[in-house]
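First subunit A sits with subunit B, and in the next complex the same chain sits with subunit C.
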Partner chain A sequence: MTVLDYSRSLEQISEDLRVDGRGCEDYRCVEVETDVVSNTSGSARVKLGHTDILVGVKAEMGTPKLEKPDEGYLEFFVDCSANATPEFEGRGGDDLGTEIANTLYRIFNNKSSVDLKSLCISPREHCWILYVDVLLLECDGNLFDTICIAVKAALFNTRIPRVRVLEDEEGSKDIELSDDPYDCIRLSVENVPCIVTLCKIGYRHVVDATLQEEACSLASLLVSVTSTGVVTCMRKVGKGSLDPESIFEMMETGKRVGKVLHASLQSVLHKEESLGPKRQKVGFLG
Partner chain B sequence: MAMEMRLPVARKPLSESVGRDTKKHLVVPGDTITTDTGFMRGHGTYMGEEKLIASVAGSVERVNKLICVKALKTRYNGEVGDIVVGRITEVQQKRWKVETNSRLDSVLLLSSMNLPGGELRRRSAEDELAMRGFLQEGDLISAEVQAVFSDGAVSLHTRSLKYGKLGQGVLVQVSPSLVKRQKTHFHDLPCGASVILGNNGFIWIYPTPEHKEEGAGGFAADLETEGVRVSTEASLRTSSCLLLAMKWNWGALWSPGRTLRVPAAEAPSFLPSLAVSG
Partner chain C sequence: MAGLELLSDQGYRVDGRRAGELRRIQARMGVFAQADGSAYIEQGNTKALAVVYGPHEIRGSRARALPDRALVNCQYSSATFSTGERKRRPHGDRKSCEMGLQLRQTFEAAILTQLHPRSQIDIYVQVLQADGGTYAACVNAATLAVLDAGVPMRDFVCACSAGFVDSTALADLSHVEEAAGGPQLALALLPASGQIALLEMDARLHEDHLESVLEAAARAARDVHTLLDRVVRQHVREASVLLGD
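And now, the complex of A and B:
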């Protein structure tokens, strides 16, 4: 971006007008589709402008962690595909992938995001481990927001088979899977948070920055917000500095925008579910 | 604040909805063009296994016995007389290096540029030292191609008042194959935006200035923002339309008979409803 482009974007943003005509708090159009990968317990694909994310959730049985014997847990893995940008070729995308995975661990590292006790089968012995795999297909700015939306949609779509623990006379336990393939338990995603990234450009901050806008911004704030407006985690990225007043303003904007984001996502997910098995699946070749 | 979320909808392939008289024969690398051996092979093709195979992705052009494939996405190849929009990447001793989306950086010599005030004299050492005052790294300029070196690098000049440093506006980058060579590349749209169609695929859209500045040679970059919101919106809307046109209709821009209609300023939303005629 030239000096002139940068100053022009500063002036325009001060008037609430961005290069593509959006206001400072407007998102680009989001497309959400769940159940796109057939051999997972749940999956979702989210497109925000040109950013394309695919998330698959697989539920596997394992032993609970020692410090939390009556809970299951989630494991995140982020793969930056070389299709997204040439910089991700070979091991180029590993750093970004680890950073995103660590952010996801931090967001979900509290008691209320996902009800982990419901993932327990028998304490200290068996529990469900949800392996959440995120694949970056295309990158056009605002990765964290899109990934969180996709993770929430995939968890909403996850169906974990219902199991029963049978104990026989000698005390050895046997796990029985129910015969009906559609007998599943679903997770409640009411409290799963979503990230809102606010990039500071000039004197104002913008929501949902494109790649060009991210190149102009020296500092960003990632705010993780639940559907009721509660902030679960906050992180600052970028080489620039932010003063405390801006941080406060950006947090307030994040809370406001986050609530609307959750409401829209809930309505789309319920709408998709109400269409039932007859809905037309678009998938990857549409 | 606006937030639109929706379910995806399968997109209809464009060839069904847009009627074309002459269907373009599009190929990708590895496609067989013809098995007839009577043709001469041109650029973008090679002979393999007794048939003509394409080596680039593009449309097949046939002139009598010569078959070539014109690639859709190419680098800019300069011709004398082309108008280009470029970005300064380096300031060297007596010249500037300009990035124009070609294989080599283009060159703008200090002697090919007008001095302020329109003086005609030899450039001195003081002029060399003052080069950064005229154009810095990152500036955008419009210029014309003066000559093409033997290695393909292009030499530019701004020896006219209509060329020079560009001020406020939006840059849209398209493939150079989409911009046809025409009599004039500077257009004023009725919606309040003006457009410079660079032959190298860089298109500059800016708000139409109310009065034409004279004598400055175009080096005073206008950073004023008062009263330009309407025309700024017009130029942003034009750039969105252009990006949509490029994405969905791989036809040439601004060929005679084809006009790009930009929706009126009263339209409430920025999602442009595009009408491409011709």
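And now, the complex of A and C:
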């Protein structure tokens, strides 16, 4: 990015106008589609401008963690595919992948995001482990927001088979899967938060920065907001520094924008579900 | 599975296809705007994405640059959720490295590397859903991606797998048929000249039957060529409409 572009961006942003014509609090066009991959318990693909993310959730049975014997848990894995940029070939994408996975763990590390007790089959012995695998296909800025939207959509789409634990006379337990393939439990994603990344450019902050805008910004704030406007996690990233007043301003913007984002995501997911199994699946062919 | 017949008495396979019938193929070029070339293919339930970057300067050590031709670099990666059992590592394991080398061998035979000396062409293939025939789907997707990138090739590279059950050669094996343990042949063909870019076979097959299996795979690869040709022409037609030609 040249010096001329950078200074022009600063001027425009101070007037609430960005390079592509958006306002400072506008998102790019988001496309969400669920049930894209059939080998999974749930999947979603989200395209935010040129950022493309595919998330697959696989439910497997395992033993609960020792400190939480009556809950299941989620495991996150982020794969930065070489499709996005040749620098991610081999182990090049591992650092970014680990950073994103750690952020996801931190966001979901509270009691209210996902009801983990519903994932328990029998305490201390069996529980459902949800492996949430994120595949980064194309990157044009604003990865965290897109990944969180995709994880929320994939969890909404997840169908976990209903099981019963049968105990016979000797005391040994047997797990029986329900005969009906449509008999499954769904997770409630009402309280799953969404991340809003606010990048500080000049004296103002912008939501949903493209790759070019991220190059102009020295510091960003990641705010994780639930649908009711409760902030669950906050993190500052970037080489530069932020002063405290701007942090409070950015947090307020994050809460405001986050609530709108949640409302529109919920309506899109419900509308897609109401189309039923006859819905025409587009995937990458559209 | 007890009682699972791969080929019924009436000549139908597990998914209802005939012995030489391909699964439904749908493909699209130009899926990603940021890459030089990209393509997506669905062969039955197998879904693969291919992305091409290049030709560009050699990344890493300059010593690898070849003075008279381009270096072709391939990476095969399959998503952790692509198979029935969750995979722990998407790439870097032995099978993915071997597939990467096979793809490289296939495309070095087809790409006109002499036109771009001292440069590198990267082909990255990502399998989203694996239901048998992953090598063939990857080669077909990569051909479309290389064409989308505008890298000059000698010919299309079309691939298909074939097997042999009950004295009949089967084309385009699905996962169930591959897992049954019979002989499997993977063939990558340059259709116009009939030259073979890659031929690989697993398990034992009597040499008397080799010709029929090879013939079934070659016929299926030519059918794939017809479909891919149609996809490319459709894509060029759409692109020229957008340009106003």
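Here, the second predicted complex is superposed on the first by the 286 of 286 C-alpha atoms of A that agree within 3 Å, B and C clash if a C-alpha of one lies under 4 Å from a C-alpha of the other, contacts with A are read in each partner's own complex, and residues count from 1 in each chain.
Assume a contact is a pair of C-beta atoms (placed from the backbone, for glycine too) under 8 Å apart; a residue touches a chain by one contact, two chains touch by 3 or more.
Treat the numbers as computed from the prediction; the structure is a model and nothing was measured.
Visitor: Using the superposition on subunit A, decide if subunit B and subunit C clash or fit.
Guide: clash
Visitor: Have a look at where A:Y131 lands relative to subunit B and subunit C in the superposition and call it first, second, both or neither.
Guide: It touches subunit C, and subunit B stays clear.
Visitor: For A:L66, decide between first (touching subunit B), second (touching subunit C), both and neither.
Guide: neither
Visitor: With both complexes overlaid on chain A, does A:V257 touch subunit B (first), subunit C (second), both or neither?
Guide: first
Visitor: Could you tell me if A:R22 is touching subunit B, subunit C, both of them or neither one (first, second, both, neither)?
Guide: A:R22 sits against subunit B, while subunit C stays out of touch.
Visitor: Just to be sure I read the superposition right, which of the two partners does A:E89 touch: subunit B = first, subunit C = second, or both, or neither?
Guide: A:E89 sits against subunit C, while subunit B stays out of touch.
Visitor: After superposing on chain A, which stretch of subunit C overlaps subunit B: 132-140, 150-158 or 222-230?
Guide: So the stretch of subunit C that bumps into subunit B is 150-158.
Visitor: Over in the complex, which subunit A residues touch subunit B? Could you list them?
Guide: 1-5, 7-8, 11-12, 15, 17, 19-23, 25-27, 29-33, 47, 207, 256-257, 260-261, 264-265, 267-268, 271-272, 280, 282, 286
Visitor: Touching residues of subunit A toward subunit C in the complex: what are they?
Guide: So the residues of subunit A touching subunit C come out as 36-40, 43, 50, 52, 54, 56-58, 60, 77, 79, 81-84, 86, 89-91, 131, 133, 135, 137-140, 283-285.
Visitor: Tell me, which parts of subunit C touch subunit A in their complex?
Guide: 26, 28, 31-35, 38, 40, 42, 45, 47, 49, 51, 53, 59, 73, 75, 77, 79-84, 86, 90-92, 122, 124, 126, 128-130
Visitor: Considering only the defined contacts, which subunit B positions touch subunit A in the complex?
Guide: Against subunit A, the touching part of subunit B is residues 1-11, 87, 136, 138-140, 166-171, 221, 223, 225, 229, 232-233, 236-237, 239-240, 270.
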